[in-house]
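Take a look at the structure set out below.
As written, the chains take the letters A, B and C, and residue 1 is the first residue of each chain.
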Amino acid sequence: MRGAAAGLLLVAVALAVGFGSSFRATAAPAQTADPAALAGGRALFVTGCSTCHGGDGRGIAKRGPSLLDSGAAGADFYLRTGRMPLANPDQQPLRGPAAYNGREIGELVAYVASLGQGPPIPTVGPGNLSAGNSEFQLNCGACHSVVGAGGALSYGDVVPSLQRATRTDVLEAVRVGPGNMPRFSAEVLTPQQLADVATYVQYLHHPEDRGGFGLGHLGPIPEGFVGLVLGLGALLLCVRLVGTRA
Amino acid sequence: MNGSGRDRRPEVGPTVEEDGPSRRRGGVISRAPRWVDDRLGMSKFAESALDKVFPDHWSFMFGELAFYAFLLLLGTGVYLTFFFAPSERAVVYHGTYVPLRGVQMSEAYKSVIEISFKVKAGMVMRQMHHWAALIFLGAIVVHLCRVFFTGAFRRPREINWVIGVSLLVLGIVNGFAGYSLPDDLLSGTGLRIANAIILSIPFLGPWLGSLLFGGEFPAASILSRLYIIHVLLVPAAIAALLTAHLAILWRQKHTDFPGRDKSEDTITGSRMWPTYGMKSTGLLFAVSAFTALLGGLAQINPIWLYGPYKPAAVSAGSQPDWYMGWLDGALRMFPNVEIRVFHVTISNLFFPAVVLPGITFTMLAVWPWLEARLTHDHEPHNLLDRPRDRPVRSALGSATLAFYSILLLGSATDILATTFHLSFNTIIRMLQVAIFTVPVIVFLVVRRICRDLSAGRVRPIRQPGSAVIGRDAEGRMVVEHVDEPDSLADDDNVGADPVRPNKDIRIRTGGD
Amino acid sequence: MSGTQGRSDEARAERRVAICLGLSIVAALGLTVVYMLGGQPQAEGGLLFLALGFLALGLILWGKELLPNAPVTASRTPHESSTGAREGVGEAFARGGDRMFRRTFLVKMAALAGGSLGLAAIFPIASLGPSPGHALKRTSWARGRRLVQLDGTPVRPSDLGVDNILTVFPEGTGDDPQTQADSQVVLINIGSARQVVRKGRATWSVDGLVAYSKICTHAGCPVGLYKADGNTRPSHELLCPCHQSTFDVLDGCRPVFGPAARSLPQLPLALSPDGYLVAQSDFTEPVGPSFWNRT
């Protein structure tokens, strides 16, 4: 219950941060974070993360990767979306309720950011919806599907749906490349293009469904199911009604 | 006496109508047919048409479902042609749908966006068209199953069976052509695969691909060609074959299930006029109604979300419509072998995408002759088989359905994987095993069930076996005699007894 | 008594039919209003459903409850013609045909005339598309041609960090869809991951960057799905979203799962003097799905 409330609050904060700011989104908890936060973060890291990532964040073979280059963006993304900490290192990290509260995440992010030269939490301006549409179709649709519904990877790994991905989530994920996701550098996807993509992903949370129920936006499979089971099924019942004597 | 004079003054002519009281109405109603008959002599045909008897079983109306869905496709399709532009010309969109404003796209894609967002009733018409296509092909398959499992394809109805199979093929072809027309990401991906399939045909592939597409993929003329195929060539062929299908049905009359008072020489049911005609017209509106319901409430193919086709883009979860799904599934499940003999490469695609449908539709088309040869049953039949009385045919049909259902499931591997948290690798491996085992199991199980049902070892709920019930002296009902299940039902030689004894309850009254 | 019963049943049925038709009228009028107000797809579909559905229900009830419903038995007239008529056809055919087919020379000439017309028709049909020639075996890549993004920006090796992926095209081909369709390439930075380098391909990559044709060797879909990194799982895989063919990027894009039978062709990379990525040559084999004379 408290976790859910905290999650909601986080989402609200993230949304506020994402939408409310125009030219500078989030203040990156950069290397200049205050020493108290760093100390708090380190304490949390040792208890919660070091089993897999090592006490110094250099990673442990077969358990967890080095976090030296993960930066504030990586730490913030994994912690806020509840992907870390992970109970079993063989699992694919998936979105869930965040295990830490907002202050704790801030401290952990500051600590991880201080470990190396990883990317800060990206800050971008407002995006253009239709430009984002084109970029999304070319760069993201192959894995996340063009409607952001997600998809399948080999051997049970999944591409997450973007239904709950906040603007900040998108910005961070594109630069960090969490898990199996490739990274996109600023040369490949410029800050403006990144802003466009993030804007389009927000649109995909509630896309224009002018045709009615979206059927999960999963395309011809649910459409065929509805057409045959509901459409043809109803008609077969009609035939049953028409074709039998009163 | 000339004809026009008779028309003007029927009351003095030799054929005075009897309905004196409502002369005015009766005049119109009786004069029109006479006017036609004077010129075409159709009265005899018209009378037999009005009196035509349709048998009483709901399963005889599956074909009508397909027919009415086709009419609906024609109606909605004609409306769409007024607004659709089959052109690859690049244009920039400036319409009401904001996420596509300023995006470059083909004129075809833009026109479908306009149909969806701007044209009055366009969205509903477009979605009704698409849903009706799914239902059309579904109804054809259900109709085909009914005809197959009851043996309605046997002599003298082989021609209509072949026409029906042709209609199925044409329906699938036209469905795919329609799916490809909007030039969105999904339709472009489908065309890309279709192009690869054509290329896979040994020796002819590259030429055929170039001739159909007008050059190397994606070639600039494919949309206009598909358009004329989709709105003229195939629909005209469907309409012609459908006419022949119905004319032959008319000539040969329906089949009928065996039962009391049924015989090879008679047909029992409702007359066309007015009862059956009224109910069937009701069915036409029912098909339209449910299609409209889906068309208005269930979104299908939201191309504005898929975006215009770009050769380098693709979406996860790209699938064809269900009637092509079995082919897509076969493509996914086929092992990754490619044959090379000397310098000739036989593409991996050739077997699941060309050979498989070739065998499928050839086997379907020749089945009436194949079965007649196997069973030595060359007699004409008007009375149907009950599926249980033909265990081998029913088992074969069920196994075939199982085979294609597994292929269809194969086209959903990625959706199944994400929906049920499985690995698509595991799913494909499982389906590869299932495609060989499940049909065999289905065959054995269905054959067993049919034999048991037919032999009367298992009592179906609503089909009592053969018994004679009489009344005794006090008027009580008593079972006088129960027919032993005949040995033929357990015999593989299913055609040995073309006209089966009618299994039903005969009620005798009185003390005879 | 049964007569009265029947009449009141009929009256009830008539009322039911009338109600259905009335509701259909109301829904149709509602639909008119919706259209007049500008239209709304869900309202249109729903009202159309009601209008057509109640019409359907009304007619079906009318047919089932108010029209003659007793089973009628009609005889099937045999549709075969009489023996005499059949023989008549044969005779009629022979009457004219015998005299016609006696002129075997003319029959042969007529057949030849038909065949010649067919021969002539090959040429109009052939104009439907150009001869495939070598088009399927070539792409627009050539020695020294730069790799550019969709918007035409050339690419430097430093543009792609580890685990970055980018779709690139040959420079100077603009928006041409045919070029995009056969020359699209995925450029991937595999970083320091250990690669099985194929014979003769040692010099084909630049700074951990490898380039492969983006067209699936199975059915031609863009192989756009890249499973990067991945710690303990199989990774560095390109997946085709159409039929799940999986290619191992660290092993020459060898197919490791799914229906694809051949590796994705690799584009040999080099660095131009001004530091941009260029192709060393075209692909050394045809890209995309197989066709009979690809080798």
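Please note the rule applied: contacts are C-beta pairs under 8 Å (C-beta built on N, C-alpha and C of every residue); 3 or more make two chains touch, one makes a residue touch a chain.
Computed from a predicted model, the values in this text were never measured in an experiment.
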A-B against A-C, pair bridged by the larger set of C-beta contacts: A-B
Closest chain to the centre of mass proxy, which here is the mean CA position: C
Distance between chain centroids, defined by C-alpha means - chain B, chain C (Å): 21
Chain A and chain B: spacing of chain centres that average the CA atoms, whole Å: 44
Rounded Å distance between chain A and chain C, as computed from the means of their C-alpha atoms: 32
Set of chain C residues in contact with two or more other chains: 41-42, 45, 56, 60, 63-64, 69, 71, 150, 167, 222, 224-225, 241, 244, 257
In chain B, residues with contacts to at least two other chains: 56, 123, 127, 279, 282-283, 286, 290, 294, 296-297, 310, 312-318, 413-414, 424-425
Multi-chain contact sites of chain A, meaning residues that touch two or more partners: 138, 141-143, 151-152, 154-155, 159, 210-212, 238, 242, 245
Footprint of chain A on chain B - complex, ascending: 56-62, 64-65, 97-103, 116-117, 123, 127, 131, 134-135, 138-139, 142, 185-186, 279-280, 282-283, 286-287, 290-291, 294, 296-302, 304-307, 310, 312-322, 325, 411-415, 417-418, 421-426
Partner chain C, residues of chain B touching it in the complex: 51-53, 56, 90, 104, 120-121, 123-124, 127-128, 156, 189, 192-193, 195-197, 199-203, 205-207, 209-219, 251-253, 261, 264-271, 274-279, 281-286, 288-290, 292-297, 310-318, 328, 331-338, 340, 343-349, 382, 413-414, 424-425, 428
Contact footprint of chain B on chain C as seen in their complex: 35, 39, 41-46, 48-53, 55-60, 62-64, 67-69, 71-76, 79, 125-126, 128-132, 135-136, 150, 167, 169, 175, 177-178, 180-182, 184, 214, 218-222, 224-225, 241-245, 255, 257-262, 288-295
Interface residues, chain C side, partner chain A - complex: 41-42, 45, 56, 60, 63-65, 69, 71, 149-150, 155-156, 158-167, 188, 222, 224-235, 237, 239, 241, 244, 246, 257
Residue numbers on chain A that touch chain B, as the complex places them: 129-134, 137-138, 141-147, 149-152, 154-156, 158-159, 200, 203, 207-215, 217-221, 223-224, 226-228, 230-232, 234-236, 238-240, 242-245
